[in-house]
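Chain lettering (A, B and C) follows the sequence in which the chains are written, and residue indices restart at 1 in each chain.
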Amino acid sequence: MAGSSPSDQRPLLVEARQIWKFFGAIAVLRGVDLTLRAGEVHALLGGNGAGKSTLMKMIAGLYRLDRGELLVGGADASVLTPVTARQAGIHLVPQEPMLFPSLSVEENVLMHVPGNRKELRARLETMIAEIGAGMTLSTQAGQLEVADQQMVEILRGLVRDARILILDEPTSALTPREVGKLFGRIRALTAQGVGIFFISHKLGEIRAIADTVSILRDGQVVLAGPPAAFTDAEIVAAMTHVEGREDFTLGRAAAPATVGPERLRVEGLAGEGFADVTFSLHSGEILGLAGVVGSGRTELAETIYGIRPAARGRVLIDGKPLAGHGPRDSLDAGIVYLPEDRQVSGLFVNAPLVWNASALVLHREGEWLPLEKERADFAEQVKLLGIVCASPDQPVRTLSGGNQQKVLLAKCLAAGPRVLILDEPTRGVDVAVRADIYRLIDRLAGEGLAILLISSDHEEIERLSHRVLVMNHGYPGGLLQGADITINAIARLSFGVGANRDAAQ
Amino acid sequence: MKLHPALKRWESVLALLLVAEILLFGAINPVFLQPSMLLYATSDFIHIGITALALTLVIITGGIDLSLGSVMGLSAITLGILWVGGVDIWVAAVASLAVGTLAGVFNAVAIHLSKVNPLVITLGTGFLFGGAALVLSGLAGATGYEGISNFDPAFVNLANLEVLGLPLPLALFLVLTVAFMALLHRTRFGRYVYLIGQNPRAAAYAGTPVFRTLVVAYALTGLMAALSGLILASYFGSARSDFGATALMPAITAVVLGGTSIYGGSGTILGTALAALLVGYLQTGLQLVGVSSHVSSALSGGLLVIVVALRSLTEMGRVWVQHRRVLRNVAAE
Amino acid sequence: MIIRFLQRHREASVALIIVLLFAILGLVDRSYLSLDTVLLVYGNSLILFVLAIGATMVMATHGLDVSVGSIMGLAAVSAGLLMNAGWSIPAAIGVALLVGLLCGLINGALVSWLKVSAIVATLGTLGLYRGLVHLLSGGSWIEDLPEGFKALTKAGSLGLSVFAWLVLVLLIVAHFGLRYTAFGRSMFAVGDNRDGARLIGIRVDEVQIAAYGLNGVLAALAGVIFASQIGFIPNTAGTGMEMRAIASSVLGGVSLLGGTGTVLGAALGAYFMTSIDSILVLLRLQAYWNDIIAGAILLVVLITDGKIREAVDRLLRYQKYRKFIEPPAAGHQADATKAGLSLKTSEARK
């Protein structure tokens, strides 16, 4: 593997000097320096909100930089637009595929590509065959699995002969086999002199493919160099505030002091994207639900809550089957679900905080709004959860991500849950709020709540859960308990590797 | 109460504009300032305000109702047909209101069943209800400008009745404004209206009765459109199928000018009520100073474009200024 | 197969329903499908055809234009005034089309640059442009249009007038232009996924403004055809046409949510809307039945289409999740045990 060094003679494709970017009053990038050479794979690593995606979108011309210099191929590119970025050979494969759902794969890939249709189509067909993607040119993009949609995005870049390819977490929805194929493709491209930015959360992948790694934290590059020069511990330390992290190191979750009576029982449940799921959840217990994106975790949670239909199986609360199957029935039975995407399905972002906090309990009051009580209840929640806000009437969107998440928690807790399903409860929040939420989850379990914790963060699962159910391609991949709950075990089960061996141990 | 945030509210701007407008027209033509003029001029446009009140609810849910003009005509014709058929005028009036309400329920059910955009569905029901009014009046042999007339004098006199010194339609509008304010801002139903418009998905996750809320919102719009049809029938002393043909666009204008987002989720009843008066008096005032009614309607169209564009521009400007300030602060560091 | 087809061609289900209706009407009365009737309805549909092409383009970009009726009126009045002032017919028509272009560009700029919602922006310009009509005409009708101008809609070669030929060419050009040119495709891309279109380098604002601009030109052309057809220009020229244009396009499978639709479908919708008159004659009904029938058919088509799409979606969802949902669970782990079981039972049977 060719390492990148200061004496590297390969031509510079991208050079960023002291880049600043603001969203409103918040600095997202604070003086970032970064380079990309021809044939180099430059990995970017960092937590949520570290500024990786913003930086990449800027290089793709989607955002304009506020201060600093950006050179592409040696020429000034400070006022890059999506159009000029494209002309400069830059192609961004976004984290969430941005396809045209009603158009075919062919139309999606070849849209806006100059050249002879027939030739392009022939090239595209060869590429699909080479990659071994399971799609045809006429498949409608909206019907593809997420992994294939991501492939279509990558194909777009390949067809355009991009010289600079930006891959924003391309592997998050891929299986290990697909990741292998993708890496083969990346190596072939770099051999042709293409430079690649590669965003990932996975250290193993970065060590396997990257020549250089830059670690971002709070909008700054805190560590850069060839991956081999750093140990895993050094990299993790650079990514996270060590000082901040100390605060909330819970150590391992102790077995619950007292396991209470069974609250939730799921028997042979099957639905959209999962099947054969059976487990029970007791009062005072935190059951972790792990697995890669697309393994059926969220679908399972939404089926329990009644947003999606169940095909088979039963959900029992306190030994009794649910009366009906809709969110309202679940709420009445004491099951509350905190959705994974707070902006999309959790919060009313333009509504006042207090409206959000009371949204789940309105139907328990009379026809007239209990305006006074609503405010009093919210004030209590502000104290309890440490929500930082100026007024109960300000819209949610004016809060930071962490405080928004606390408002969402307030909304869920107001319903007085007996079973709480938390789907990615710390996504996109800063370290301090993460600590607050961990403490809260711990305390709620201590108070006898039954908690189902869904998370992609294996560390989070490891720290908080008393038991862990790992989902693998829609089926239960294994159950971990006590000392068996390790990050490695969770990861192995998620990918279906060595499941039997683990079970045998 | 602090004055500042209150003054910043859009409703305050509308109220100031309304006062300024009345004073301006009064300065050009003092007749405009006579109380009887100001009060009775409302009879020409207050039906639009009454319909706009209910339309505000629908638009806040993220929907729209293009059929309300047709419902006005349908309710007036229903009244006429029943009256001609020998039904007691008050029974006929109640029946007309029921028809309007049913039309609204039909809208909500069709939207719910088809999962098609409310704009398209109510475009279709607009043709349907308007067509039904045409057929009814055609079958009764009442076509053209004549319509159906010779109503019970007691009914025709309604529009000229005074309540506490106010013409009945205006009094009705004021009472309804207060009622809709209470409904939207003080009841659970009103809160659901906002939540559904803000984020229908989050509303579904929160177990909100989405369908029931929509049915009520559209039914109220149908009811208010029917009431407006009756007011017009009483005011003109006749019922025509094309009564509402020109009411749709001004009603939407009043709602949007009143500060309700066409995308749903925000808006107030007071804003709609003030905007309805603002646009109505603009038309009356312009006609009084000698501008033709067609040109005055153009000016209210222009007003809508300018106000909405200005609000959009100020928002962009606000973001830009904030951005500049942040950059300056960083440069100073 | 059929599911696939319906999924790919959203307009197909609507077109199918319309063709079915035509077939039924043709069975009831042969003359409905005769060349004479078709030509007659075609001639009466010219205005709606032109408007439907524009509506299709604007709606493809996830836009909407309710001001086309007023643009029609404004263009007609401009052309009429100029012709009566002694301008040549082509020059007057040219100016009218430019007026339409300007009106459309204003709509587009309001929507794209000033971020005003499409319905609000064009609702405002609907009033504004109509007011200009009255200002220009001074409130009176414009009459005594040149005979040469009126002749443009009189039947000529092969029974079609000059404008009828022009519209036919326009329909063909627009249909294939929208499907097979880069610009046509980019309009659909903008409506389908605005951010995605931006990402692949499409100038989304410009594309959208261009769609509104072209729509303005087409509305102006419709106004000119209208003036030529009736021979004078009332102040109300074009009033209410926006709703008919949108209804035609929707009937023809163009989605208001952007990204789908064809000119052919919209033209079918327009033809159908116009042919309701002929249907009334067929059913021996009075003319006042027109709107209620149009509304009822529009709703039936919309709700049927909605139901078909729902069924297609449900089926596709089922296929996607089949291995989880189907009663005998078939996954990799369950598979193994099930395979073992079935092996045993089959052995036992032996």
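Please note the rule applied: a contact is a pair of C-beta atoms (placed from the backbone, for glycine too) under 8 Å apart; a residue touches a chain by one contact, two chains touch by 3 or more.
Just so it is clear, the structure is predicted and the values come from calculations on it, not from any experiment.
**Q** Taking each chain's centre as the mean of its Cα atoms, which chain lies farthest from subunit A?
**A** B
**Q** Counting C-beta pairs in contact, which chain pair has more, A-C or B-C?
**A** B-C
**Q** Round to the nearest whole Å and give the separation of the Cα centres of subunit A and subunit B.
**A** The mean C-alpha positions of subunit A and subunit B differ by 45 Å.
**Q** Per the centroid of Cα atoms for each chain, what is the distance between subunit A and subunit C, given in Å?
**A** For subunit A versus subunit C, the centre distance works out to 41 Å.
**Q** Determine the centre-to-centre distance between subunit B and subunit C, using the mean Cα coordinates as centres, and give it in whole Å.
**A** The separation of the two C-alpha centroids amounts to 29 Å.
**Q** So which stretches of subunit B touch two or more other chains?
**A** In subunit B, no residue touches two or more other chains.
**Q** Tell me, which parts of subunit C touch subunit A in their complex?
**A** Answer in residue numbers: 7-8, 10, 182, 185-186, 188-189, 192-193, 195-203, 259-260, 316-317, 320-321, 323-327, 329, 331-334.
**Q** Using the touch rule from the top, collect the residues of subunit A that touch subunit C in their complex.
**A** 60, 62, 82-83, 85-87, 92, 94, 98-104, 107, 111-112, 138, 140, 143, 156, 270-276, 296, 311-312, 473-475, 496
**Q** Of all residues in subunit A, which touch subunit B in the complex?
**A** That would be residues 20, 22, 24-25, 27, 66-67, 305, 307, 326-328, 330-331, 337, 339, 344-351, 355, 359-360, 362-363, 365-369, 371, 411 of subunit A.
**Q** Spell out the residues on subunit B that touch subunit A in their complex, using ranges where they run on.
**A** 186-192, 194-195, 198-199, 201-209, 265-266, 319, 322-323, 326-327, 330-331
**Q** Would you tell me which residues of subunit B are touching subunit C in their complex?
**A** 64, 66, 110, 113-117, 119-121, 123-132, 134-135, 137-138, 143, 245, 249, 252-253, 256, 262-263, 292, 294-305, 308-309, 312-313, 316
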